[in-house]
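Scrolling down, you'll hit the structures one after another.
In the two complexes that follow, subunit A is the common piece, with subunit B as its partner first and subunit C second.
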Partner chain A sequence: MGQFVQFAINGLMAGAIYALIAVGIVSVYKATKVVNFAHGYLIMFGAYFYFTFAVIVPGQPWAPTWLASWQPAWMIEMKGDLPMFSPVAAVLDWVANLPRILLGLAGALVCNAILGRIIERVLMRPLMGQSIFAMIMVTVGLISILSGAAQLIWTADAASVPYIAPNMPIRFELFGTMIFLFGTDLVNMFVALLLFGGIVAFVKFTKGGIAIRATAEDQSTAYSMGISVPKVFSRAWVLASTTGAIAGAILATRNGISPSLGLFGFSVLAIVLMGGLDSYVGVLIAAMVVGVLEAMTQWKMGGGWAEIVPYVTVLVVLVWRPHGLMGQKEVERI
Partner chain B sequence: MTMNRRSFLATTAAATAITGTPMILRAQPKEYVLGASLPLTGPFATAGQLVAPAFAMAAKLFNDEGGIAGTPIRFVTEDSGYVPQNALNNYQRALASEGKNMIGYFADSTGAMKLIAPELKGENARIMGSTSFASELADPATHPYQYLSGPTYQSQFDILLQNIKNEGGQKVAFIFSNTEFGRDPIEHGRKRAEELGLEVVLEESTKAEGADIPTHVTKLAQSGADHCILQGYVTGVWPQLIGGARQFGLPVKFKGTFWGMEKLIADRITAEAGPFLAGYEGVMPYRYFYDREDAPRYQQYAELSKAMFAGTPLENYMSTWAIQTMCGLEIAMKAFRDTAEAGQELTADNIAENLAGISDWDSGGFFGGPVSMENNAIGTGRVYGYNPEDGLFTPKSDWFTV
Partner chain C sequence: MINANLKSTYAADERVLNNRYKQAFVYAMIAALALFTAFGNDYLILIASQMGILLIAVVGINILTGYTGLVSLGHGAFVAIGAYAVTIFGNLGAGVIPAGLMPFISVPLAVALAAAVGVLVGLPSLRVKGLYLAVATLAANFIVIFLIEEDLFAPWTGGMVGINTNVPNLLGWELDTKREMFGLIAVVGLVSLLAAQNLIRTRVGRAFIAIRDRDYSAEILGISLLRYKLMSFALSAAYCGLAGALFAYFYARILPEQFELALSLNLVAALIIGGMGRTMGPVFGVIIVVMVPELIKVLFGALAGDSAGAGQLRAPLQQIAFGVLLVLFLLKEPLGINQIVDRILRAANRWPFARG
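Right, the complex of A and B next:
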């Protein structure tokens, strides 16, 4: 039982990250009906912006030393001879890195928001009123542009970034089994779920959110009701880009920085389809189910199966409910 | 003069003799070409971009030495994006444009080697090296024109398992990426471990990128392994797995194979996340670049690097990945030169025969001593360990030959 709980938690932690990635795809789809195939690459840019502001900028000769590593006397004294992975040492390491972590997150958020805005303004808005298919194809083309641009700017070098939260080991006994968790993964999960909840609340309860929902229902009616549809488009892209920036930063702390981060978007697309392209709650459930299924399959059947079983489940769900778990069924009136 | 049947035949024979002689002379081209596909983009672009400059250096070095019996050699490199089909397309294009002048090709993956292998027939056959150490390729019966520039992954596992046995290890875990590269030596390793009396307590496959580290580390913790061999990773996953295990307080000793043994990656991880790679060991077929006291060829490389790559990180350090490529090119050049010196035409069959016959070759310091080609591979290597304090991998065993 203890082991079951261990793998279930591991799965939930992975699922929360999937959900945070998926929320961007759903936001853009809800507002514009465009499935953004390039979302993974927006996330990759978020990761690289985090890397730029948390690693490259603090490492410059002109940057103040406290930015790279804030080491006041009390901290050096406290660290003393602490073992490397003791909880206190992990927290102190995190505090030392805090200035650059905050700079990294702020930089990633701002830069990715600008990037999202540029994409919407330059590539998507001119296509408003055209076929949705054309807009989707633009996102496919965007994959090559973003992937190539990232390698031009940052090269293909792999690199590491500082953890967003203290990465102390957490151990406790449950049903006679020692449970191991990484502190940073738990925090990542809470950050992802908080952001997810915040976005759902925004869409449900704020004026801007209602505008997104109205536009998703019917663009022409939304226009006639005085809603600025271009603004809604823009807001959705910025929302996707900023959540993508956080997702990118979290992914970078888990897997390191490399151009292959962009590929995550594709596996999450399957999760979005399973949940329902226009349903935040459906996508959250799907992300958690896939995360837990992956962990359980890895536990019981090994890695070969872990890459298949969850996606077979996605297919089964789609055969059963073609519009996803909680997606809106479209009725075409002729 | 009237043209009758006899005089026509005589004239034709004479004309053929005259025009045929230059044809033979033309068999000696103005330059030879060796084509290459490198992963300059895609998931292994880090490695590809570190390897690419080696070709520029090789061209300078080999041509300054007189090329192949006085004929210069030119390298033509193209990006594959680490997609085997792209490498095959590159190969076919190079073959079409360079024709017989192209006497060899260098591919960037096992997949590319296997995809191109069926093309190597008759007139289209070329000698092929690569970045791969795939065990399947080390078989002259099925892959007569392809060679490995070091030990197969299976041989690397043999070396590591023997080393673990020598250290008194009892329980071994294999963690590998769910790729051809990752799975290659697992079955063989299981058998070899059994022969050595080692118990394989975990065989865990992971994603090649973005693996679920907590889950894998949990399984490693539950397995009770005292040693863990990591296989099938380049820049990612292996450092995170080791970091995760250390955070959990696992005393497991980690060992890696060639692609997980690059100093540049270990240094970056140490700089960002602390010295948790202390004690990490792995098998390396070649000397590291800084260990060049007994490696005259490395000393030549060092001089060239200073001149050719001044102001770049390559000026002082050549990655193990680039060293592997240089070794592959050196082996090919030796086979080309041996073939030319024997007065043979540089056909794939002649070159392959000379390559297979490489025996007691003094490589100039790549390996611990003279080496021989066996089954188109060189089964030698030794265990190195990483020290985060000085950022160096240093020898932890003698050279093993398997």
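Right, the complex of A and C next:
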């Protein structure tokens, strides 16, 4: 039972990150009706940007030393007589890294926002009004461009990146078994869920969000009501690429940085379809379910089988409910 | 090319190659391929063989995407199934079936297996369309590759490290050189291209086109969507299985990673670049998709020599070139090279009168 709870919690934590990635795909779909196959590669760029600003830039000779490792006098004093592996030491380590973590996050956000805007402007805008097939295929072409570009730009071997939150182990007993968690994973989960909630609230309540929903409902009507549809498009892409930047930074700390980060996009795409392309709630549920199922598979059948869990579940769900768990059924006219 | 094309019987109008230009083109191609097989240089034979194998798979995906209008991003899986099935049948039946008959049994079996899996993967197509189907096929691709790599099946598939393939033996004729293999690939490729051209002239092919244009309307006209969508999936998977079988015979060793998503995207990209729903589309597309990375390789070799840094740059550049090509064609010429060629031929035909 304790083991079960441990794996369930691991699964929920992974699911929250899936949800954060998924929110980017759903936002773009809601506004532009384009399913972004290359979203995973946007995330990979986010991860690499985080790596650049949190590791490479502070490592340069011209960078101030406090950027790489902030060591004020009071911290050295506090650190002096701490035992090994104490939570306070973990927090202090994190504080020392804080400047470069913040720089990394800020850099990743800004660069990814620019990237998202460029993609929208150069590739998606000329295709407005074209067939959906063409738009989807453009994002497929984008996969090759982005993954090739990443290999071209970041040729250096990726080092480890600083955790976003203090990485102290948390242990407690539940149902007679020790549950073992890392602080950073918990914080990642809260950040992901908070962002998810924030975006849902943004789309639901703010003026910009209502514009997105109106465009989703009917583009030409939205136009005639004075909503600038191109602006909505670029807003959606920027939203997707910035959430992707945060997700990328989190994934970089969890899984390390490599070009294969892009593959995450495909399993998340499966999750999005499972939840229903235009439903935030459905996607959240699907992300959590897949996260937990993956953890359970890992526990019972080994890590390899966990890889294909999203794909198998999406096939099952699509045959059972073609528009996902909570997706809106399209009405088609002949 | 419609002038001087008088037809006085229905039979003449219904022929596979319904005008003289097409017939002349096909005969010229046969002659050119025969000469090339005999005298082409080894490097060109190698490139042409790659094109031929890819061509058969793209012709298959053209039936599904170009004619039936169902998007698939997972056809690499069927190529994998064809390649592995031919190798595994070949190994299992090594002592039982005489070597000279082996390809005549294992290739049809592999093609049939690919078609059967195609029907299975196509099942969601009855309920979902467009991008849902794209993701469903994508998922199928990941699952098939995973199963091939899985330890459980490693005794047959060789797992992650791949498996050595057999040399095909057609009734005692061992095709152990690339040139002989190219001969086989050229014949199979030509036949499959003509078969696809024939298909769209038949009742089945027209049903496919009707489904592409509007599936509900097609159903009202009495076309069973269940039957024809699955048939389209089975046919395209069978083509890909055949391509896979030739792939396995052509290379000495096959690895699961050769059939991953990159291959599926390659197939779709070749189709889009060449022109969807046209017989010659796959041919043009395959030529571009194989030649562009090859040209980059040659250019790099000339510019940078064999230094290690150049090698590191080459693969990403090839990838970027591929993506840029796909995007450019979608933005500028969504109907592909076939459309450009059509335009040129039309202009040549009307010269010196109005172009257009």
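In this section, the second predicted complex is superposed on the first by the 321 of 334 C-alpha atoms of A that agree within 3 Å, B and C clash if a C-alpha of one lies under 4 Å from a C-alpha of the other, contacts with A are read in each partner's own complex, and residues count from 1 in each chain.
In the analysis below, a residue touches a chain if its C-beta (ideal position, glycine included) is under 8 Å from a C-beta of that chain, and two chains touch if they have at least 3 such contacts.
Treat the numbers as computed from the prediction; the structure is a model and nothing was measured.
Visitor: Does the subunit A-based superposition show subunit B and subunit C clashing or fitting?
Guide: clash
Visitor: Which of the two partners, first being subunit B and second being subunit C, lies in contact with A:304: first, second, both, or neither?
Guide: In the superposition, A:304 touches subunit B and subunit C alike.
Visitor: First (subunit B), second (subunit C), both or neither: which does A:182 touch?
Guide: Touch partner of A:182: subunit B, not subunit C.
Visitor: Return first, second, both or neither, reflecting whether A:10 touches subunit B, subunit C, both chains, or no partner chain.
Guide: It touches subunit B, and subunit C stays clear.
Visitor: Once the structures are superposed on A, label A:142 by its partner contacts, choosing first (subunit B), second (subunit C), both or neither.
Guide: Only subunit C; A:142 stays clear of subunit B.
Visitor: Considering only the touch criterion stated at the top, classify A:151 as touching first (subunit B), second (subunit C), both, or neither.
Guide: both
Visitor: Touching A:93 in the superposition: subunit B (first), subunit C (second), both, neither?
Guide: first
Visitor: Return first, second, both or neither, reflecting whether A:169 touches subunit B, subunit C, both chains, or no partner chain.
Guide: first
Visitor: Which partner chains sit in contact with A:254 here, subunit B, subunit C, both or neither? Use first/second/both/neither.
Guide: Once the two structures are laid over each other on A, A:254 reaches subunit B alone.
Visitor: Run through 57-65, 111-119, 165-173 or 291-299 for subunit B and report the one that clashes with subunit C in the overlay.
Guide: For subunit B, the listed stretch overlapping subunit C after superposition is 111-119.
Visitor: Can you give me the overlap between the subunit B contact set and the subunit C contact set on subunit A?
Guide: On subunit A, the residues that contact subunit B in one structure and subunit C in the other are 147-148, 151, 155, 304, 307.
Visitor: Can you tell me which positions in subunit A touch subunit B when the two form their complex?
Guide: 3, 6-7, 10-11, 13-14, 55, 84-85, 90, 93, 147-148, 151, 155-162, 167-169, 171, 178, 180-182, 185, 251, 254-256, 258-261, 263-264, 294-295, 298-299, 302-304, 307
Visitor: Per the contact definition, I'd like the list of subunit B residues that touch subunit A in the complex.
Guide: Per the touch definition, subunit B meets subunit A at residues 40-43, 45-46, 48-49, 178, 203-207, 209-219, 221-222, 235-237, 239-240, 244, 246-249, 265, 268-269, 271-276.
Visitor: Help me check something: in the complex, which residues belonging to subunit C touch subunit A?
Guide: Against subunit A, subunit C makes touches at 71, 73, 123-124, 127-128, 130-132, 134-136, 138-140, 142-143, 146, 149-151, 214, 216-217, 261, 265, 268-269, 272, 312-313, 315-320, 322-327, 330-331, 334.
Visitor: Can you name the residues of subunit A that touch subunit C in the complex?
Guide: Spelled out, the residues of subunit A in touch with subunit C are 35, 37, 123, 126-127, 130-134, 136-138, 140-152, 155, 266, 269-270, 273, 304, 307-308, 310-312, 314-315, 318-319, 322-323, 332, 334.
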